[in-house]
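Some structures are shown below for you to check.
Both complexes shown next keep chain A, but they swap its partner, so chain B is in the first and chain C is in the second.
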Partner chain A sequence: MAMTDHAPRFVNRADQKLWFERIPAPWWALAVVLLFLPVVANSFWLFQVMGWTFILGMIGLSLMFLAGYGGMVSLLQMTVAGMAGYMVAILGNSGTVTVSLGLSWWIVLPAAFLIAALFATVSGALAVRTEGIYTIMITLAIAAAFFYFTRQNYTIFNGYSGFNLVLPPQLFGVNWREPVPFYYLSLALAALSYGTVVYVSRSPFGLALQGVRDNPRRMAALGFNVTAHRVAAYALASVFASAGGILLVWQNAQIAPGTIGMSAAIDVLVVAVVGGMRRPLGPFIGAFIYVILQVFSPDILGFFGFSAERFKLIIGLGFLAVVLFSPDGVLGLWDRWRARRRQQQDQLSGGGAA
Partner chain B sequence: MDDIIKRNPLRSLIIAILIAVFLWLVFAPWPPELVAKWGRKQIFLNALLGGITLGALYFLVAAGFTLIFGLMRVVNLAHGSLFLLGGYLGYEIASLTGSWFIAFPVVFLVVGLLGLLMQRFIFSKMEGEELRQTLVSIGISIVLADLMLWLWGGQSYSILAPGFLTGPMELPIINSINASTGATNWLRYPAVRIWILIAAIVIGVAMWLVLNRTALGMLIRAGVDDREMLAASGVRIQLVFLAVFGFGAGLAGMAGIIGGTFQSLSPGEDTRFLLASLVVVIVGGMGSIVGAALGSLIIGVTEQMGFVYAPTYSVVFTFLIMAAVLAFRPQGLLGARR
Partner chain C sequence: MNAPVTPPRPVALGQSHVSAGNALELRGITKMFGALAAISDVTLSVRPGERRAVLGSNGAGKTTLFNCITGDFLPTAGLIRFFGEDVTTFPPHERIRRGLRRTYQISSLFAGLSVIDNVYLACRGVSRNRFSLIRPRRDDALVHAAETLVEAVHLTDEKDRLVGELAYGQQRQLEIALALSGAPRFILFDEPAAGLSPTERRDLVSILTTLPGHIGYIIIEHDMDVALRVVESVTMMHNGRIFKEGRPEEIEDDPEVQELYLGGGHE
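After this line comes the complex of A and B, so read on.
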């Protein structure tokens, strides 16, 4: 995955492996497991656990893209997702007929993506006027402002109660809220987002963005427009967040200010940090851990005699432990473990076995 | 001053006119046409005073935040949790001892000590890693928020002010003039809010004096400008860091008691005040005490005015001010370019 670390090698066409040979075996195994999961798993696992993992992972992925490749830790991604979700509810059908316009899906979906992208671009343009930790503060402030705004505003966002009965369109005669179709829909979108991030990270734009992250002054001296690259990264990241946000609305069939509150924005950060922000796989791993903890915390906590409400405490302590002891997340732990094992093997074989 | 006026005659004139209009709005009795358009003068004055006193509370929270940030570059996102913790502790102490005043020093010490521990055992271990410090402070705020929810539950608490602070007091501002009798109706306003405003001003002035007129203040200002050079010249900068962190945390805790007295304490207030501090220091300028005062005043008044005159959009005004400051002066109104 970290292709950028390698210098380009020039090989004969005949020596070059075919595209499916270049993907390592564990990935094929993962793909097979994910594709055939509906055969064994029940609807609770498919819809609640895996669906939610993919959604949270996609929103975390948009944060990972900004933070890992652009060096901008934005707490805005949940808000962007919420914006797209709100647009689906406002422009499309919902239980609140007084506000919802009830347009058809082929207008609603592109419009939701566009409006969310516009929102992300404008907020990003504001946020990139400052650097480093200031970005966190500003994006947090924007996210909070949007949260309080949706809670107060009844004409557009229907205030405290938000929207319910927001259902996906019955495309191709399939009810996309059924567990199996929803699982495949979220899996497909998550895989697409993942692939896009991997592709973009190796594209000229992605490489320039990583250059901007590492040394903005040098990139500016080389003639790259630093601000434009950063704003474009916000715009691109908004697409993954929007996809996650729309799926989230369909999964819950409702959206309210609580969906995009401060704790939700911080949850996305937790997910990305716990998984690891260096690689696009991190947020999905973090999301899986988060969802598993969330779903099974009542049982685990009950086992130790605590009340089930202490879930946040576990998340907070776990997050603290990760930040304090392994700042690059679970993936970082895995990398270090592999590196150490390889070192030990080398010592046994007298070194040099690459 | 003369120089500035000579250089920008037009701008000075506009500012002078705006100040004159504002003073007239506050002190003169309103003519009936204005009342017909904007509502009674009392509503305006209440919103204005409410904004100023809310700004005083924001200042108490944001001053510690901006000081810690200016000196140590630590964005302490657990600052709101310290505020709420101080409020809850103050409530417990006030109801236990029956004295509102005892709560202040005790809370200052306890929350300040918590701040000291955070700085000593966590933030100082990762000096220079700003992002990691921020993430850790987020983790601490999650844990503290849940612990407080565990201990104090979801209901809201209100701290009772002592007797002589309750009830209204008369201010030398005309509220309205009775048309038939000609008697002047002076503005009456809750005494506790006025005293909090006075206390905030005293604390602010004291902080300014300490920072600008004492040896300790000199050290802190030198640390804000260049902490490596300060450390190189033999100052034990970690002690200065500890003192500032403890003081900032203690101040947030005391602000929690005040917040619990004139509003209420409940889960969620921590993020509200964290957000307020963020916006205040973004608007006022990071690391500047005067900037924090100015930012608190602007944000407090805007918020209250918005609540009274445009309830659905009041948050948007606050946000627009922040966006405008970021767009035209990213370092904040009184912040220094770094």
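After this line comes the complex of A and C, so read on.
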């Protein structure tokens, strides 16, 4: 009896792999490298390079979710991140005691996420009635309006100087701004955001969003409320952007209008496009390339006698090259290279058999 | 004077009077594009389970009529009732949720998704939890329904392929699967046979004639061999107006129809 009970289950297991067996080997390797990086890397790499990569990657991920799955290119994601960051500074503690309310972290953090989500939802509701270039224009307009508002409003946003000394709470007795804790915190949040996007992409909502991207009219003809799905996508994407924005404030220990300026908004687009908008991994790759260029190009430029400011020129040229040669980013290049290699192998083995 | 467009009424699904009477009732439907009347004063009623062909030359207003019925266009004037309920100003998704379906003349699918995901979306669109963030389980009822539909239109072998990579005929079959999802009560087929091979046309006729009897439909079709074989009544349109209604054999033999539509040279 026990034998017959066991037999089908055994067959099933061979047939259907368990969840961890479906994760390919390169992912395990990447996970091991990221988990043990603090053993070999110095604090500059952990805090500046990797911390910033994860932060930019998460904000880029929120754009990738909207653009890659929803077909909505939003220049608003840095602003949403900045809204969450500002809320942490305003509601919590900062060096600007006249403005900051000094509430405890367990009120501040949920409130920051909620207010940023509300902001993204309202902005999204305005933006989703437009398509293509008009979505870009309207989100850019909202981003610009918020940037100038923070610069001129002193009662809430403390104007031009913004907030400094915005520090993470000392939870569990850990100083989360120390390089190693900050590295693990940002790694964990980035991995969580990435996993959420991957999971949601196969959920009814995620599939419906991709349906809206491919053919909004048909989605309506299948019984979906297209507008509601688009607005909901803005709300969900705000969570990833907010997590990135809060980490960004903690990393810099400050936030000011410059953090959410037009060039920052465009940097998010560059990061997502360079990495590739079709898959959630893209923005993280784009962010890594961006950060590496940002961090190391001043030295290289200086060696050749150029000003360090010129690093944006290198990024701009890289952006142009990617857009021209691989519209789906670095990941697209990688996909095509693998496809070509597989084809060649097929031809070789096929030729051998014939 | 045509009936004015009335505001939507509260949903009254499940009440007995809703499903009484005609499946679809159009009264004085007119659609203007600027000064041009694409359809004018179309009055038409179809019984539940009735199958009807709408014939007419290009520009007769057949597809515009479909777009008014599904809500893609709001009619300039007139009244649309679907199973007794006034849906004239309902948005498309509200009409679809009440059991109306349509297919498109030019396949209108989700090219970036797989065959099974396309059908799954169609099943999900007319059921609850459209906003769910939880992945469906393998034994989910809707996943099962989607697989059954994929099988019904002979696409099981292609179910994991991206729709953008399918052959033309297969996309047409998938188009029909999407229209059959959920619990359709009435389907609008817009030239389902366009571009199909003779074998695929035979497949189409067998799919249409084996639909459950309670599902009525209107079919726009230029291929008379397909159209007249799958319907019990025919409406002829010309220049945006209905000018003749009858049984298929009456229409086929009508000299006026032959002159206008068949051009006399048919067969």
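Going forward, the second predicted complex is superposed on the first by the 336 of 354 C-alpha atoms of A that agree within 3 Å, B and C clash if a C-alpha of one lies under 4 Å from a C-alpha of the other, contacts with A are read in each partner's own complex, and residues count from 1 in each chain.
The rule is short, and it goes like this: contacts are C-beta pairs under 8 Å (C-beta built on N, C-alpha and C of every residue); 3 or more make two chains touch, one makes a residue touch a chain.
Predicted, not measured: the structure shown is a model, and the values here were computed from it.
Enquirer: Is A:Leu320 contacted by the first partner chain B, the second partner chain C, both or neither?
Expert: After superposition on chain A, A:Leu320 lies in contact with chain B alone.
Enquirer: Once chain A of both complexes is superposed, is A:Asn175 in touch with chain B (first), chain C (second), both, or neither?
Expert: Touch partners of A:Asn175: none, neither chain B nor chain C.
Enquirer: What is the contact status of A:Gln343 with respect to chain B (first) and chain C (second): first, second, both, or neither?
Expert: Touch partners of A:Gln343: none, neither chain B nor chain C.
Enquirer: Looking at A:Ser104, would you say it contacts chain B, chain C, both, or neither? Reply first, second, both or neither.
Expert: A:Ser104: touches no partner chain.
Enquirer: Tell me the contact category for A:Ile133 with respect to chain B and chain C: first, second, both or neither.
Expert: First partner only, chain B.
Enquirer: So, A:Asn42: does it touch chain B (first), chain C (second), both, or neither?
Expert: neither
Enquirer: Looking only at contacts as defined up top, I'd like to know whether chain B or chain C touches more of chain A.
Expert: Counting residues of chain A touched by each partner, the higher count goes to B.
Enquirer: Enumerate the residues of chain A that count as touching chain B in its complex and touching chain C in the other.
Expert: On chain A, no residue contacts both chain B in one structure and chain C in the other.
Enquirer: Where on chain B does chain A make contact in their complex?
Expert: 73, 75, 77, 122, 129-132, 134-136, 138-140, 142-143, 145-147, 149-150, 271, 275, 278-279, 281-282, 286, 311-316, 318-319, 322-323, 326-327, 330
Enquirer: Help me check something: in the complex, which residues belonging to chain A touch chain B?
Expert: 73, 126, 129-130, 132-134, 136-138, 140-142, 144-145, 148-149, 152-155, 262-263, 266, 269-270, 273, 309-310, 312-313, 315-317, 319-320, 323-324, 327
Enquirer: Which residues of chain C touch chain A in their complex?
Expert: 70, 72, 91-93, 96-97, 102, 104, 108-113, 117-118, 120-122, 124-126, 129-136, 178, 181-182
Enquirer: Across the complex, what residues on chain A touch chain C?
Expert: Per the touch definition, chain A meets chain C at residues 199-200, 202-208, 210-211, 213-215, 217-226, 228-229, 232, 236.
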